[in-house]
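Below: one structure in structure tokens.
Chain lettering (A, B, C and D) follows the sequence in which the chains are written, and residue indices restart at 1 in each chain.
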Amino acid sequence: MIKGDQIPDWDIQAWINTETPLSLAELRGTVVVVHAFQMLCPGCVSHGIPQAKAIHQAFPPGRLQVVGLHAVFEHHAAMGETALRAFMHEYRIRFPVGIDRPDPRGNPIPMTMQSWRLQGTPTLIILDAEGRIRLHHFGQIDDLRVGAIIGQLLTEAASASP
Amino acid sequence: MIKGDQIPDWDIQAWINTETPLSLAELRGTVVVVHAFQMLCPGCVSHGIPQAKAIHQAFPPGRLQVVGLHAVFEHHAAMGETALRAFMHEYRIRFPVGIDRPDPRGNPIPMTMQSWRLQGTPTLIILDAEGRIRLHHFGQIDDLRVGAIIGQLLTEAASASP
Amino acid sequence: MIKGDQIPDWDIQAWINTETPLSLAELRGTVVVVHAFQMLCPGCVSHGIPQAKAIHQAFPPGRLQVVGLHAVFEHHAAMGETALRAFMHEYRIRFPVGIDRPDPRGNPIPMTMQSWRLQGTPTLIILDAEGRIRLHHFGQIDDLRVGAIIGQLLTEAASASP
Amino acid sequence: MIKGDQIPDWDIQAWINTETPLSLAELRGTVVVVHAFQMLCPGCVSHGIPQAKAIHQAFPPGRLQVVGLHAVFEHHAAMGETALRAFMHEYRIRFPVGIDRPDPRGNPIPMTMQSWRLQGTPTLIILDAEGRIRLHHFGQIDDLRVGAIIGQLLTEAASASP
């Protein structure tokens, strides 16, 4: 994915923390922050998930949506839906999380991770209200920079709305 | 000071890290981040100064200016200019710092701290490119929120410029 | 368990990171540090496990033995042996870990956790070279205090040996 | 100084937080932890001083004595006694601190720092109850290792006393 591109919609097997499935099309008009993680990835647990939780708490839900993408590409037997639900309970993750769909052809990398060409976890992707990629970062990224991008996109969205 | 107000200019006895004195009038058009601190204030050393340094490094100098305000209201004998210069050398503070002018009438609170009604240190003040107060925070404040305000103000300034 | 008591041996279903099962009887003469944890317990991941790893690295293996006790009392389906092995791989846990035996009568609390009357995870237990309990702490405990107890027990053991 | 050596007594210009001057001779029988620091040394403020405070709080005063040594070898004008007293007030340092005596011959390195051959600040020195050097560490050192040495020396002292 190149910065500025539209991103294809995610391909989700099951959702947690939302009654209805989310789609990028329906989130148009909202800034979307996608945190791609695995529950047994140490960098996700120590850095990415606390950051995603902080974003979820800091910004108004109507204008920004945090979405977790559980993109399991290793240790599949250890990170199924039951395990993920226990993990999310213990770590008090309240934002919607979609389980990236396993590849039916047997590729260990799940479908969204393939189509978005994610390099690993944690990855943070931020989309503007028009659905364009404005940040795509693999690894750790500091809160100051993430906050600045969010502040920019919320301001652009506010000035664009009628 | 009330959010949205213009702020009176600082009253500075001496500047460090800048050849010419800075004024709010000349910084119009630039987002200005003022970190008010004392060199012997533990919360400034552990939180405020590292945050101000990170802001200074993260954003382009032409569009955002970090300014330190050394607002000494206690232990005056321990925090004079010589001591401050040693402190700034050891803590590698590279952005301009102005020494708030002592009150000639003997009030222990220096002049800018009085006119800006600062409650203590650390205080973070962020002004938009029009010179209006957009954040005035006493104590610790997290990077995510500070980043979001900066991102917003930089975006507003960019859309306002011809 | 009361401080100073002998502790009954653990009851382990399976061992990881050791070719032969460990027993308290055979560890007599060695200071033993038992870290009781669950892989999905946030306080274990952020505090207890890093501390146990640091102890494992800091002290000579012949005189002190770190042992993990995976004491699963909740979310049993998410924390089986396969999941634990994936977790230990990702978190680079190199010391021996025993899986506390599930209660065959269906009590969710496993056997060692019952007999040792553990209150939860993380729990740190330190035994002297005579097999007596010298520390039994539920929750976080700082490195300075843990280090001091270990230093004391190693010194006692050295002066007692012929 | 070589590990195991007796250490010459400190040469102190003034004491803070103790009514009577301390001497190594009179501290015989007590484990002594000396934290050599400068008030404007960032590594002392972020690491060494918090560690010394934690040691002071964790161990019984009758058996272990924490002593600060303010060893100023740079920025002398900024770190005099008035400044140090303000610093200690702000950072809530309650253990005795001795100001290392300036060299009357003009060497910028003070007298105790010279005779103890300190390389810089922070330096942690731990003496056993017999007054022998058991740790001499320049820079950061983790709490686990410091705790273990203290636990060892307290145990040795207890077994040696009649």
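Side notes on the structure shown:
Assume contacts are C-beta pairs under 8 Å (C-beta built on N, C-alpha and C of every residue); 3 or more make two chains touch, one makes a residue touch a chain.
Since the structure is predicted, the reported quantities are computational estimates derived from the model, not experimental observations.
Looking at chain A and chain C, no chain is in contact with each of them. Set against the Cα centre of chain B, the chain with the most distant centre is C. Mean C-alpha positions place chain A and chain D at a centre distance of 50 Å.
Chain centres here are Cα averages; for chain B and chain D they lie 36 Å apart. Looking at which chains touch one another, you get A-B, A-C, B-D, C-D. For chain B in complex with chain A, the residues that touch the partner chain are 51, 54-55, 58-59, 142-156, 159. Looking at the complex, you find that chain B touches chain D at residues 40-42, 45-46, 74-75, 77-79, 82-83, 85-87, 89-91.
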